[in-house]
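Here it is, the structure, as structure tokens.
Chains here go by letter, A, B, C and D, matching the order in which they are written, and residues are numbered from 1 within each.
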Amino acid sequence: MPNFHSNRLAKEVVLRDPVHEYIHIEDQVILDILKTKEFQRMRRIKQLGPIAYVFPGATHTRFEHNLGVYELTRRICNIFAKKYPSRRSGDGLWDDNNRLLVECAGLLHDIGHGPYSHTFEHLFGTDHEKIGQKIIMDPSTDINRVLSQVSPNFPGLVASVIAKTYPNPQVVKMISSQADADRMDYLKRDAYFTGVTYGEFDLSRILQEIRPYSDGICFTMAGMHAVEDYIVSRYQMYQQVYFHRVGRSMEVILQHLLERAKIAYQQSNLPVTPSLAKFLAGNWDLTDYLKLDDGVMETNFSMWTKSSDPILADLSKRYLFRQPLASVCIDEETKSLLPKLKTLIKQAGFDPNYYTDTNSAFDEPYDAYKPSGKNANSQIEIMQNDGQLIELSQLSPLVRSLNGTLQGDERFFFPKVMMSNNLEPQIFDPLYQKFQRYVKNGTLRYIRKPKK
Amino acid sequence: MPNFHSNRLAKEVVLRDPVHEYIHIEDQVILDILKTKEFQRMRRIKQLGPIAYVFPGATHTRFEHNLGVYELTRRICNIFAKKYPSRRSGDGLWDDNNRLLVECAGLLHDIGHGPYSHTFEHLFGTDHEKIGQKIIMDPSTDINRVLSQVSPNFPGLVASVIAKTYPNPQVVKMISSQADADRMDYLKRDAYFTGVTYGEFDLSRILQEIRPYSDGICFTMAGMHAVEDYIVSRYQMYQQVYFHRVGRSMEVILQHLLERAKIAYQQSNLPVTPSLAKFLAGNWDLTDYLKLDDGVMETNFSMWTKSSDPILADLSKRYLFRQPLASVCIDEETKSLLPKLKTLIKQAGFDPNYYTDTNSAFDEPYDAYKPSGKNANSQIEIMQNDGQLIELSQLSPLVRSLNGTLQGDERFFFPKVMMSNNLEPQIFDPLYQKFQRYVKNGTLRYIRKPKK
Amino acid sequence: MPNFHSNRLAKEVVLRDPVHEYIHIEDQVILDILKTKEFQRMRRIKQLGPIAYVFPGATHTRFEHNLGVYELTRRICNIFAKKYPSRRSGDGLWDDNNRLLVECAGLLHDIGHGPYSHTFEHLFGTDHEKIGQKIIMDPSTDINRVLSQVSPNFPGLVASVIAKTYPNPQVVKMISSQADADRMDYLKRDAYFTGVTYGEFDLSRILQEIRPYSDGICFTMAGMHAVEDYIVSRYQMYQQVYFHRVGRSMEVILQHLLERAKIAYQQSNLPVTPSLAKFLAGNWDLTDYLKLDDGVMETNFSMWTKSSDPILADLSKRYLFRQPLASVCIDEETKSLLPKLKTLIKQAGFDPNYYTDTNSAFDEPYDAYKPSGKNANSQIEIMQNDGQLIELSQLSPLVRSLNGTLQGDERFFFPKVMMSNNLEPQIFDPLYQKFQRYVKNGTLRYIRKPKK
Amino acid sequence: MPNFHSNRLAKEVVLRDPVHEYIHIEDQVILDILKTKEFQRMRRIKQLGPIAYVFPGATHTRFEHNLGVYELTRRICNIFAKKYPSRRSGDGLWDDNNRLLVECAGLLHDIGHGPYSHTFEHLFGTDHEKIGQKIIMDPSTDINRVLSQVSPNFPGLVASVIAKTYPNPQVVKMISSQADADRMDYLKRDAYFTGVTYGEFDLSRILQEIRPYSDGICFTMAGMHAVEDYIVSRYQMYQQVYFHRVGRSMEVILQHLLERAKIAYQQSNLPVTPSLAKFLAGNWDLTDYLKLDDGVMETNFSMWTKSSDPILADLSKRYLFRQPLASVCIDEETKSLLPKLKTLIKQAGFDPNYYTDTNSAFDEPYDAYKPSGKNANSQIEIMQNDGQLIELSQLSPLVRSLNGTLQGDERFFFPKVMMSNNLEPQIFDPLYQKFQRYVKNGTLRYIRKPKK
């Protein structure tokens, strides 16, 4: 049983949220976490990064998402405490002594993220999960100081929930499973801010039908179709928003831009803010990491548009002023055409190392069971009237059709000018024309040689 | 080319609609149809009949739905006329001379419906499609009079669009296909009034991506996921709303109630309003049909609650005061148990002919192609950039999983008391206990005989 | 302290509601009230009566509204019990022992309504408040039987809350005050179903800031603008929806139609259903009243369209097929013109007793204080940080501008044909022309005699 | 008549927008403006600046707002061109040749804004209107280059519409009046992103009832209540969002922070990005201005948290990590207390020049007429059926109550610690206690001296 304690606020504090109406803060420790500099920093990191270049409304940040996940854990705890309170140890019901723990874990589950996390991790070896653990556990952070006031072992408990090593599976799965507070918040939030209404799902019904059981969290039979719809919405958001070809194109530019900056930093006198300099030099620490945000990155890119390195300057402009690369779908077979295409691109004046790339975006919309996978044992269970559990894909033809599949595509990115099709024939470039013969309906294809 | 003409209204008339914001009426003939008694009658017939007993908000009527279908055809015509105007015959684009025709067909496509159409057709042989054609074609109706003012052959043209015999497939499919104005309106409308948000789909994107082609109407590649989501929403609405077991239970009661009334009418002095009397006697005509609505039916049921026929009186009360039957899922195998169960039900004092029934509810969420089916040649086509068409289930794993399948269930309905489980043992009825052994998790099952 | 008790349901029952998402039923007695025939009858009485002729979506019924008021009382009780629980008698906080009582009162506050209550009361002397009290108190009703199972004096307590004589002002004002659960539900609901979005207000903020005090219910300072906006929304709904000239026109027709039916019933062999006959004959009782609903009324109107009484037949058609009268605004001064106008109308062939009327529709959007008025002592109070109360109109310039005023208009209704303006001169009727000289911009006006 | 021309796009480009569903781009010039670096820069400037510290969802930027204003002008042009096309010069109807001009003006009306415009203008003399004119007119900008391709005088025409000197009042008032596309977009958009639903108003009805007339733009009588509601919503948004005391507190901090930075820059070796350095030095030009955005500012603040200037470092932290000042309402009378309070604050260790301020926030929600004011001649007119205009406040009691009034308050800001109220008496600071005697219910007050 938990041995920590937080002061209840005399009067709850509420924050207006367009997705959940209000975020209710009832404990001093939650309020104190919000006030830390590490948490406030989340305000300056967009939830969807370069996807705002495709869906202009998607300017929302990790700050609101973290609050939203917290609020959902709070609501689920309320529901569990009211409808399924544990009466004796081992009865598989909800022990509300875990409430503060799971609320803090919900609030902090993403605290390790920096700007453009994905790209950054790839280039600078910043593992957002490890960094998140460190922010919670390291005595130098304000968050650790706040959590420690609850009890000396509280930071460790919060970290263990996020790391999925906390022994109570209900607590862990409220934050990390195929239907957890994290995913429910980001799907609804991303749908709201992008305006992509088919990302919508019926959260109020899901909360009506969610329940604890001995091995975690499941849903009653009456909620089956709402959960099914949630899985479909998740699939739709991946296909339509997260994997949008233009968003990925901006990410490709971003990655090449940072790669080039690393080289330029070593070779020349690149203007760069102190925090980012440490990353380009390869000797950053946690303090440097916590200094980074979207604005810092863009401030650097803006300075680099005047760089003497023409590729860095050009890529910086392309990123800041939204000049995406074009792309086509490729597959194992057509990949063999890429060397040919890169040669044409090079002849057109672009360094293929910086102006082309391949990028895979695949998601497994649902996974009924994969013993060794990272989703192991996280299938969604539906509870029958008699308490028996049935795995979701057994009940839903839609989920069955997505189960275990990878949905998405692989794309080859290249300068848009290669697809230009000028109507004035004298300017028409035979190079471009040659390139375009390989592209049909947005897909790369083999072309038959004309018969002689 | 059409040879009919309507006066444009000097000033458009608008009706507020919670689903489409406004219904815009721009032609005198549309306004005149609205004012006919045959069309006003639609105000008194609920769109979803007894489903309002399950979803209390579902009190919307066929009147609003018909207006909504009209409004969608109007908007689609606007889009086609702006983006895809035909320039020469046979170019596969939109000839806006068909606008008034398709708008009238949209407005009148359901005009033949009466109260509880489904049940009624079964019992009294009222075919709503034939009746609809008659209302449009018969010189005795106000609707025929109004349509004839456009041109003498205009009623026939409107009827032919509804009957799918009009030669222009774009006109026919705007009203009747797997993604037509009719379905789009009822899905959005039924979702709005029931409050079942997962019936929502992205209509504005679909209208952004809809386009005509030589054989009908299709969608561009950019709209594929929105159309996919529409198919999924349709499936969800069928499973969650249209096939709800309690709604079907009320329909079962309704049917038995009317069957019993037919018998009671012949045997006794049943109080009945003049219009319904003609149906019970079996000699109704169009005028009688047009007198019926939900209120007339319920007025009769209310009078019958005092009937000397105890079954009729009881069923009338059950319908009016929402006392549904219970039900369990059955299949080909467990059906063989029904005689046994009916015997128990009879022993408990209920006539199985009136208090039990089996009811199938299955829908084919999508059908890629079935040459002889009623949806023949109505698959949804997606147009590639180069104009090539691909059938939807080729592109979408979700639609592929639903394609050609029947989704739904078959149920056995019986008095709820059979499932009663009184905690006071002395009142406990061994009959009920015996019955309940056959039911587990809402499904009928075989029970093994206890070993001796 | 209350001495009644209800069994909590083992598992709550939920009803989907498009306005409040879910109605949660947690007590056996609430569920049992829903199942009574008196309550189910509410399903067949539209909340807004003939206003559905103006806003086609407004088909929602008193059934859903009553459920909605119940749900709001339940939520307010939850909020009060959590945030402001009474600790000792007389501390001005919330005693949750009143919960079941106020929930039942919320559910039943409108139970005395019949079809077209307003018109009916005028013509047949049916007082819906008295009838409501009777339905609750009379041992012959199912509702009385259900309530009595809670405790013998429970029906009386529920009736006293509705009659505002129950001693606890918090309980009474949750149902009856200028910002009560009743008004909050109907404003939101009517806005949703009509589609009139400016009837919207911020219910979630109001519920965030509502609180009990010794003399009733008030709002905290942080909620002032939300309450202000609610008062404005209420004003808007009255001006735009409830007082719509076409809705009132249909009510005028309805009233004349029923007046005429009373006469025709005495003079001739008018076909009429048994329940309504008792009202036309003037000897109805509670059982007859409970038989009436919208469908019964319309069934009678439909039969009367064939009546030998030409005025009754015509008015019945006008009502059923939505043929409203036209109208103009009048005031004390222009009223003196009405005899002249009625003479013209009579000359045009219409009996002014049945085809004209004046109708006032005025509402007092907010009333800070009127000692003798029916809203006495019901002003809205805002609580300062230090507990001091300030009456709303002291804080809000908008509310101050509406305070104590009557908003609305008085109109003269007459046959639409009087305003006809045929372009073909030979048919032009000098009578109509004469009539129209008195009308300008929808208002009656004096006309100056031409100078000689 | 306009003498400019743009190429229609072969296929319209659409952008998803959560407020207006889609932004439709139909002309090459609009698309080209979007692609300029000056316009893309708007993505990095939040629409509501520090208000995102109060309403976490308010992260939307000027980019989306500009697109939204463009889209509304496009829709209004569509409505005017369809319903009110000019047939001859001087008929007071709409000449659609102005469409491209007004669309460009809508898109660019805010192009001169930089980060925290208000504060910036105050401190650095940057006039966003003049800068906007310069961005449009100066041949060095991409926007000027794009506009000039329409016609050489097109930049000047666009600038004149924004400057309100273009001769056609319909064009000018579509962008600048009390009910223009600019305000309509920002109210709806800010309501959507903050989640403050009472900022909502019925845009679709307003667009239904908007119309041109000889002196500008007005609304028909049927739209009066929708316009009234829009004025009320505007008032609500000012009181609840734009004037929120915490948002203003963050602005006060920002202003003092920049003031201090100016001094620190002159005195020491302040780290600062090149673009901002030019402002601190007082020798900025347009290029420097266009380099600024929210991220650049915050990057500088972040560097300054390590400054050797303790006030600058502290204010930078307060801004970045959201540590607002407290505040109380003041008026002319209580202002005389401020010196006393500042003395107490100074004694508590805070420099009053940087840690206190007074701040007025007043708005005139509606102005019927003020000949010399900046809204001169911009009252809202309602057109009667006969074409006569009536000024809005003549018709609406709500608007009348707001007309010509100033709504808002004046506040005194000071460190929050002055209000601290520690429960442990030994730490309690008599200074704070003394300070707090002057504050009651959030307002400053005189205190009577205790009688001797």
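Going forward, a residue touches a chain if its C-beta (ideal position, glycine included) is under 8 Å from a C-beta of that chain, and two chains touch if they have at least 3 such contacts.
Remember, it's a predicted structure, so these values are computed and weren't measured experimentally.
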Shared chain contacts [chain B and chain D, defined touch]:
A, C
If we define chain centres by averaging CA atoms, which chain lands farthest from chain B? Would you check?
D
Look at the interfaces A-D and A-B and say which one is made up of more C-beta pairs in contact.
A-D
Distance between the centres, which are taken as Cα means, of chain C and chain A, whole angstrom
50
Mean-CA-position distance for chain D and chain A (Å)
32
Distance-wise, how many Å sit between the C-alpha centres of chain A and chain B, to the nearest whole number?
42
Considering chain C alone, which of its residues make contact with at least two other chains?
21, 196
Residue numbers of chain B touching chain A in their complex, please.
196-198, 200-202, 205, 221, 225-226, 228-229, 232, 235-236, 239-240, 384-386, 388, 397-398, 400-402, 405, 407, 440-442
Sort out for me which residues of chain C touch chain A in the complex.
12, 14, 21-22, 83, 204, 208
Chain A touches which residues of chain D in the complex?
15-19, 21, 35-37, 40, 43-44, 46, 52-53, 55-57, 59-61, 63-64, 67, 192-196, 271, 273-275, 291, 293-299, 302-303, 317, 320-323
